[in-house]
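Several structures are given next for inspection.
Next, two complexes with chain A in common: one pairs it with chain B, the other with chain C.
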Partner chain A sequence: MKLLRAWLVGIPAYLWSGWGAMASLLMLVALWEWGSQVFGALVLPAPVEALRTLAELIASGAAWPELAATARRALTGYAASIIAGSVLGLIAGLSVTASMTSRPIVTVLMGTPPIAWLVLALLWFGAGDATPVFTVFIACFPLVFLGAMQGARTLDNQLRDMAVVFGVPRRMMLTDVYLPHVISYLLPAWTAALGMSWKIAVMAELLSTSDGVGAALAVSRSHLDSAATMAWITAVMTLLLGVEYLLLEPLKREVERWRDQVAT
Partner chain B sequence: MSMLEVRTVTQRYGVSEVLRDIDLQVRAGESVALVGPSGCGKTTLLNLCAGLLPPTTGGINSGFERTACVFQQPRLLPWKSALDNIALGLKALGTPAGERARHARELALRMGLAGDDLDKYPHQLSGGMQSRIALARAFAVAPDLLLLDEPFSALDIGLKAELHALLLEYATTRRTAVLMVTHDLMEAVRLSQRILLMSAPEHAPGRIVWQVEFDRPFARRDDAWVYHNTAQLLATAQVRHAFSLAPVASPDTGGLYRAA
Partner chain C sequence: MRLDDARRAPLLYCGFRPFYLATAAYAMVALLLAVALPMSEGVMGGRVAWHVHELIFGFALASIAGFLLTAIPEFTSSAPLQGRPLAVLFAWWLAARLGAVFADVTGLVPLAIASTGFILHLLLLVAAPAWRAPGRQQMGFVYALATLASMEAGYLIAAWRGVPVMPWLTAAVGVLMMLIVISMSRISLRLVNDALQARGGDHPPYLARPPRRNLATTTIALYTGVEFLLPGNAIGGWLALAAAAAMFNLLNDWHVGRSLFSRWVLPLYGVYCCIALGYALLGLSLLGGWFAPSAGRHLMLIGGAGLAMLIVMLVSGRTHSGHALDERRWVMVAIGMIITAALARTLWGLLAGSGVVVMALLAVALGAWIAAFALYLAHSWRVLGGPRPDGGHDCSAPPLAVVSCDGIREHGPGPCGAP
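Showing the complex of A and B:
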């Protein structure tokens, strides 16, 4: 509750501080514009063109169902991976044996190309939601697992001893001593996994489903419709930026307020 | 009567023995200092007394109700404000939030922390402030036994004197027993009624080799008295031997040359 209030109160100041980010994004758009003038509209349509196509897609109502389908798959796989990855990673981190055993496995999982998982998932689950959700899950899981394991491995024994001497009960040990430390490892992993989940979801849809942004991209590719392609990409990027900068980043700032002055 | 009792404790890590046949007692209200060179097992002994590790052989009995510890490093939780760090022990005891904040604030102000420092995080405060907070955290739970592991060793002499005064005032008014580890002889002379000398010559396990008592009340221990007694300690053969100092032969301690 306190966190929610701090989040809401912090939004105006936070948005104001976002001008810098806005400026750098606009520079990217300028580069895009320049590219479209050099290479022509067929290769790279102008930003205005892409935005107009996107506006049409939204106005006609065609955009929302596709975006919702992609979001549903990406976020389901994402949620599953952060829950499983965090819990298992923390458990593995608490035991030296478990972390030594799991590290090579996780490295293999990390190194396996997502497209390979997608092919397997197609064989196992066929076309449908399960394939992109599974691919997202399996691609994000090792990332979160490693972060959680690292967090648990670096717990400070000196602080633990101090807490033991002061008779800190088990539950408070978790909330006041262990979690704040672990969260600072988990949050960056969660953020990285979020970006990953959208990419993988779109890629999986391109090959496995008949709806969602990935499927829409497949259609625009077959029509050689580069404006629509850029429109879909812009839409997904906007959603990703929205979730990351409106939800995760403020949360991270609030939770890690105690670190603030270290950086500056 | 409450008392801390360590009976013939021997401590091993794997095959290496770090403490052998340690016997010591700390009675209610008594202040005892453990001095000795680095690596003689002082900190291990203190950890044993704090219950952080079980002794390999021998027994440790504490009849004290509440033990608090101040460590060599402040060991503050970096994600908690100074005030919440002071109140940590109270929170562990289940004191309601309002009451523990009030109590911690009161204690902090009395210990020379400024009101606006209390909302800051540890990394925003100086080392001296952090030590003060660690001391306040220990005082906050009203312990009847305080275990101190060189808590003042990193402070300048002014700060040290100030924190010494705070400790003496607190411990004497509340009759808190103190067991402190230090390698600063002057600190030991100033703050304790009994000094136990530990020694671990050439990687042998640490043991208590000698002890001395001071009856003079803390209030009457002025600087001259402290300097004089520290100098005497330094001239004692056992002390010189334990700290690997070369023996001295001065007119009034001439006999000690042979003892060393």
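Showing the complex of A and C:
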């Protein structure tokens, strides 16, 4: 209860700290505006134009189904990759042999361009949800796997031995010794994978589905509608920023608080 | 000789004394003159340009001069300007104001000589100790002042050539905002920590962190540059919004719990809010064109610059003349008046019309502004023009206030016999 109160009290300060991010994003928008003025609206529409188009898309109800479809595919693939990647990575990290064996395989997976997976997925699953979901999964998996493996590999054995000597119960070993360390490796991997999942999902949709933001982008490209293109990109970016700053970043701060406490 | 002069006239003990008096007096006079003075379009660029020029280079620069002539010697441990040399510097300022008032009769030359003479003289006085000080931490003031000087030169040349002068004046507004952000960080350090200390507890000390301040001054500088080169452009609109966000970001340092609501902290917080909201309105006006940019500009100039100057004069004007901070009610009334003026003038800019209510707003803004500085003048002229209570002849500020007596905080054993 005390923790919840402290967390709730911290929310306004956390939200207020977003002004700094807002300032740098607005400078980026100013750069976008400059680009649009230099290269013309056909190449790069003005931010106001893109926002107006986005507002129209939202008002007409056209935006939500597409965004929901992309979100569904990206998050399904993402969830599968973080579950499989984290579990398998941790297991692999516990054994030196498994780590040695899996490393080249993961390197191959990492090195394969997502577009190649997409082509394979199209052949295997055809057009539909499975193709983007699989592409997201296979692109994000090695990233999470590596993070988890690294986390398990770098566990401090001395710390563990000390805990064993002091007779620390198993549950406490897990929550106070293993978990904080592993999480500090997992979270950056999860964050990176989340950003990637959206990009991959949109890319996969562009070629494989008839709905979702990717498909909408394909339509706007064929109509040479750059305002709609930027509107969709803005929508995806806004969602991504929302998830990153409202969900993952607070989680990261909460989990990594022990580091500050150790440091001070 | 200088010491003798200082002994003779308390008004010349320290730079802030004549300049704060002049700031308060000219705040009222300049505004009334801007409304009533007969003037042609030719010499200084018209009535609006005269109004902007005099409030920046007359009113605001006088208070900046007073602040810098007091703060720089304190920060750099150098000798303050006193006596006759101070009188000479003040004479430059006065001559520049007379030059502006009579510009229609005398032409631009007297104003140009006096105004550039004043700024360059001030720049020289500030730059020398700031440059010599170890670490050169106060050079930011010198750069800002030098930029302001070049804006004045640009304005004068534009007015002389008969080309539009407003870009130079709006750029000067940006430089003024940067100067306020830099100065406020120094002043707030003392005021906020005083408030924290007074409240007790184990709150960590307030720190005006440079990265956030640098982001704020950078965005303001970017906006100012774009506005100067591409007036009315949407790029400026986005940068103004970025400046607003960066100013709000600066307030992260200020969320220090209940001490924020103390008498000398909340108005300073208001200064930042007004500047941030002013830039937000400027950005929206450039992007959407719903209202004139003057609404946002007045919010940051009255509620930001005007209020900042009033607070600085209230604080450093008293402490550096050997008095404790004034805890009486009129201070809050004067601060309230400035905020009223800022809101009324901004609302007038947003509504943009000529109805009775709209005109009443303008009258309220004018009246409240004049009332605030009249109050300041009425309560401060004795402090600024009179001898120090400790019998000294310098600019030194006493240590932290400890005793309360008749609503005025005193230092150490006061006249009411408190310990």
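Just so it is clear, the second predicted complex is superposed on the first by the 250 of 264 C-alpha atoms of A that agree within 3 Å, B and C clash if a C-alpha of one lies under 4 Å from a C-alpha of the other, contacts with A are read in each partner's own complex, and residues count from 1 in each chain.
Assume contacts are C-beta pairs under 8 Å (C-beta built on N, C-alpha and C of every residue); 3 or more make two chains touch, one makes a residue touch a chain.
These figures come from a predicted structure and were not determined experimentally.
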Scan A:23 for contacts with chain B and chain C and give back first, second, both or neither.
second
Could you say whether A:104 touches chain B, chain C, both of them, or neither, answering first, second, both or neither?
neither
Return first, second, both or neither, reflecting whether A:176 touches chain B, chain C, both chains, or no partner chain.
first
Identify the partner contact of A:164: answer first if only chain B is touched, second if only chain C is, both if each is, neither if none is.
first
Taking the superposition as given, does A:61 touch the first partner, chain B, the second, chain C, both, or neither?
neither
Give the list of chain C residues in touch with chain A in this complex.
212, 215, 219, 222, 226, 233-235, 237-239, 241-243, 245-246, 248-249, 251-252, 255, 287
Across the complex, what residues on chain B touch chain A?
47, 50-52, 67-69, 71, 73, 75, 77-80, 88-89, 91-93, 121, 123-124, 137, 141, 147
Could you pull out which chain A residues touch chain B in their complex?
158-159, 161-169, 172, 176-177, 180-181, 258-259, 261-262
Across the complex, what residues on chain A touch chain C?
13, 16-17, 19-20, 22-24, 26-27, 29-30, 33-34, 37, 46-48
